[in-house]
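Structure first, commentary second.
Letters A, B and C mark the chains as written, and numbering starts fresh at 1 in each.
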Amino acid sequence: MRNRLILPLIIALLAVPVGFAYVHWSKGGPGTGLYSRHWSPDPVQGYWDPDNFYQSTKIVEGVFKAELCIQCHEGITPGIVADWRASRHAQSEETVTCNACHGNNHQQLRMPTPDVCGSCHEKQHGEFLDEARYGFPSHVLAMDRAVDAKHFVDKPKAEVQSCVQCHSVATKCDSCHTRHRFDAAEARRPEACITCHSGPPHPDDETYFASAHGKLYLAEGNGWDWSKPLTKGNYKAPTCAYCHMDGGRHQVAHKSLWKFGLREVNPHTSKNQLLRKKWIKLCSDCHDEEKARQWLTELDQERKQAWKKLYAAEDVLKDLRSDNLLHPAAGERPPYPMDWLDSLWPRERIGFFEGQASVFYNVSAIERDYFEMWYFDNLGAYKSAAHGHSTGVKEGHRKMEASLDRIETQADALRDLVEAEQEAKITPEGSGDLWMKGAYTDYNREHN
Amino acid sequence: MRNRLILPLIIALLAVPVGFAYVHWSKGGPGTGLYSRHWSPDPVQGYWDPDNFYQSTKIVEGVFKAELCIQCHEGITPGIVADWRASRHAQSEETVTCNACHGNNHQQLRMPTPDVCGSCHEKQHGEFLDEARYGFPSHVLAMDRAVDAKHFVDKPKAEVQSCVQCHSVATKCDSCHTRHRFDAAEARRPEACITCHSGPPHPDDETYFASAHGKLYLAEGNGWDWSKPLTKGNYKAPTCAYCHMDGGRHQVAHKSLWKFGLREVNPHTSKNQLLRKKWIKLCSDCHDEEKARQWLTELDQERKQAWKKLYAAEDVLKDLRSDNLLHPAAGERPPYPMDWLDSLWPRERIGFFEGQASVFYNVSAIERDYFEMWYFDNLGAYKSAAHGHSTGVKEGHRKMEASLDRIETQADALRDLVEAEQEAKITPEGSGDLWMKGAYTDYNREHN
Amino acid sequence: MRNRLILPLIIALLAVPVGFAYVHWSKGGPGTGLYSRHWSPDPVQGYWDPDNFYQSTKIVEGVFKAELCIQCHEGITPGIVADWRASRHAQSEETVTCNACHGNNHQQLRMPTPDVCGSCHEKQHGEFLDEARYGFPSHVLAMDRAVDAKHFVDKPKAEVQSCVQCHSVATKCDSCHTRHRFDAAEARRPEACITCHSGPPHPDDETYFASAHGKLYLAEGNGWDWSKPLTKGNYKAPTCAYCHMDGGRHQVAHKSLWKFGLREVNPHTSKNQLLRKKWIKLCSDCHDEEKARQWLTELDQERKQAWKKLYAAEDVLKDLRSDNLLHPAAGERPPYPMDWLDSLWPRERIGFFEGQASVFYNVSAIERDYFEMWYFDNLGAYKSAAHGHSTGVKEGHRKMEASLDRIETQADALRDLVEAEQEAKITPEGSGDLWMKGAYTDYNREHN
């Protein structure tokens, strides 16, 4: 009898807080995403995520026909009118004018979202949306991923804004097809990609341009006919888009095998063997299939070697954790937003696998070194190996070795110091205050 | 009675050394500027500062008409003759020949200074000179600033020579208009600027080319008509000169608001509001005014965040100074040249505000870290934010955080070590000798 | 009598092991070079060193005439056929078809080596081979040098493969003349060189493009006529090839004076004065001879200053060695391959001069810092000075100073720690295990 009451009782007791939480949640806040209540958008974000945040400036009143838009803007912003005139929108039989994308009421102008572009460019828009089923990394999920990241409300908004700018590739089309030409020929060139795909942790720019492929592009690319589709025989050397968007397909995730070098990948699963065949087929547009296969084997071996080093570093950190030598430790700093489990039961996480990836800004110096080894040195080596930049492979592994050396040296010094302190009966002071007790993150959560 | 004698006596006693000092000063030495007596120019400096140092090579004797110059140099250095032939100097009705700039006596050839060019190009030369009233940073004061810097005679000449090379933009015109085409079209392109404006602490090159603006230039700039003036509608994307020398105005300082990111700037002063309006007007050549305003607000916020970090680091250093833990301390190293006050009363300066900016080469490792945080990490973030290179903003702040972490960790370790040494009654040895007691700087002052 | 027997006896006793060693040696292993028995080539190496390792893929059977090759590959790999059609091989009177280089039996295809190309291009091939008499660095010895390096079998193959890729410039011609155009015009452009000549320790790419010369190339190079030979008057600004392969001469070593900045060079030897004259003559294609001479003097002074810093660092390390403070010490890590003398008598080497150059991967952190100061900071400064990238000179010396500071600080800390440990009677634990006792290198020697 008593047993039959327990379950309903538990459900009833849980129902109240869960209900409250749900209501709280569903109302949302001025931001978007998981932490919508914890941040407000800066006005400029309207240009990066127009669907959620754009507000028309309301300077000019009136409803205008395209001729009038053009007439006026010819004087105010002649460059964008000239670009439009040179575009297919202006030159095709059925002209696409200002109104089609921005509306005609100047008080309620809109910035076009992918849906607006997709109303005509159905195929491309469909392919773009389809990326979602491959998860992240992908372009279509880039904005969600940015604002749902654990650190998005923890770090100062002045810094995370710079993330949002590139991640806006999910919420507008002119990241690649710049306004107002929106030219396929432009988007086929590597410059369309490298505005975002450069610098650590994704030196696609640097590694491609340093490869034999990139070198050919640099020396001769200005003379190539960029109006041609991205198919076999049309280009002397491949570009970002030729390989990752082959045939002009508007999504890059369907061939994704090595996952940005972020995780160790087993290249021998049947799924990965299939992906590998796609790559080999692509390479054989120009190269012997066997050669492509051998290059990919080299990439596998580079990855294996990189992970060997990363695991060695991770082991050092795990040993320090076992001995309680990492400070600030999990309980000494604030939990990440909405991680109620972490509030109750703070756990020191080591590296990507334990879920520490996004939060390496309020940790000890040695943990930061590990983060940088993984996120910068390792990914630099990966991108170099994948893009054929051989000196970059050497450089990435050189940096990984230097990081590992530094991590080991620091760990040794830490143990030596603790031992000396114990001998001398000194109580250690602990590390600086900045990252401790939420001095950094609490402030940001209140002000972002 | 005695009182009436004291003042004349003091004056008389002061007059002698002041008089000696003045005579010494007024005679000057083989160099130029504040420390002219402390250095001699290398011969190559004649090409960088011709007015002060160029000496004709005197290999050939004779006074020549232009036809003869050309005839002979067609064989010796055909490239420069071909450049001249392709220039407006050769193609305009009133030909400007060799003699106009170099003279016609081969024993007394001169290298043209801005004054020589300015004798025809009055407007541009006037604008260039006008920069002086905005102080430094500016092009026209670049050479003075280089040779008057505290470290100019303190550091080895082999190193400061590399400074002089770029700072020669003040003393010759072919830094931007390379000889012998002297083409406006060339100087309008970003390449004219980036020979000097690259690398830490002023990665203008890297941040512009990584921005959406720079990407458009890279992809399409070769096809633009560079003979057009730098005004609204003529260029699809802006370049260095389009924004900083808008309308072709030969000075960049009149819009200078953020001062290179070197100091914290209050963006709300009425003067800075006026400067901001100039920028917004410029941006609105292509963009909505409101958007420009919002972007600049983002830049303000980035700056605020950067200074928060810099002040945190400065505080750590000031605390160490209070506890007398910075070595070599002010009294342990030589005063800077002609800083007689520092000889009598050595003071440990922290950071830019206390006047330490130019001298971070004979200080402790932790002070150097602070210098690099300020001068490299911070300025990298600033230039990225100002030029629209979003991954650079992230990277700059990541580096600032890493520097701050390192500074705090070093400060903790320093305190721990001192405490342990006190417990163990060990007298610390102090840091290495290189920077101490002038071993480094005294040598240079005698040999530069 | 006994004396007369001793020598023959010693010879007889030595003969046996020496004989065995010779037989072992002469048979060689699956690799090439000094350590041929210690490594096996990955299949991809067949493309980098075809003479030694290429194996035909044997997918297609048959002996084909060129027409058939072309007909089939027009469909399979149309790009390479198009390149060939645009080449002089296809357009000259005496057509050079597929067979000439690859053979006509599809089961026994070959990848062309320099010898194959040299059978027609005798002059260029002869010049290329002639580089050998200048020793290394040189292109023709690059592959030998790579596989004979002490670390080639000691480091993981996944890493040293990235070396072999660039060093294949010795064993195939399409490193510079990419297939299947093999265009002289292409190889004259700097992009042909920078695929390999970039990044630390040889930032030729970065330093050239940041110079005034490189800037002119970037802004205008696309409009130059690259079919012209590399001689006086044909190019507005010099490129890699213009200076290092002047007149189209296919070897770069005959003017080599500063030896990559790796060693200190006495510029005043009569041999080096002759080499200097070659450079001055080259510079005077465009510049005043006197100016060229002065620039080279600046380079000498930069080098002198760099070595002053390097020696200061070396002295710190030698002092640590004298006091037995470097760990792992020579006896604590495995000897380098085939260094039997090191096995018997392990010696701690400091820096390049004592022969430690190639092996800075299993040493203490402070030795690694010294290596990086020498190999990266110093060479960055050198290349900047040599290529006219003035901000790079400043940056290189700034990094050298920071490295020197770090080395001195570490050395001080090491001495302090040891002193404190002695006071407290603590036995130090020594450094991490990774580099000790061959854990790292033994594994690689078995698996490479």
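In this text, a contact is a pair of C-beta atoms (placed from the backbone, for glycine too) under 8 Å apart; a residue touches a chain by one contact, two chains touch by 3 or more.
All figures in this text were calculated on a predicted structure; none of them were measured in a lab.
> Remove subunit A from consideration and name each group of chains that's still held together by touch.
one piece
> For subunit A superposed on subunit B via Cα atoms, how large is the rotation, as a multiple of 5°?
120
> If more than half of the interface residue numbers appear on both sides, call it same; otherwise different. Which is it for subunit B and subunit C?
different
> Determine the centre-to-centre distance between subunit B and subunit C, using the mean Cα coordinates as centres, and give it in whole Å.
36
> Residues of subunit C that contact two or more other chains, please.
Residues 222, 420, 424.
> Taking the touch rule as given, give the residues of subunit C at its contact with subunit B in the complex, in rising order.
For this pair, the touching residues of subunit C are 210-212, 215-216, 218-220, 222, 232-233, 235-236, 284-291, 294-295, 297-298, 301-302, 304-305, 308, 312, 316, 384-385, 390-395, 397, 401-402, 404-406, 408-409, 411-412, 415-416, 419-420, 423-424.
> Quick one: which bits of subunit C touch subunit A in the complex? Just the residue numbers, please.
That would be residues 42-44, 46-47, 57, 59, 76-80, 82-83, 156-159, 161-163, 165-166, 178, 186, 189, 191-192, 194-196, 198-200, 205, 222, 361, 365, 368, 372, 417, 420-421, 424, 426, 428-429, 431-432, 434 of subunit C.
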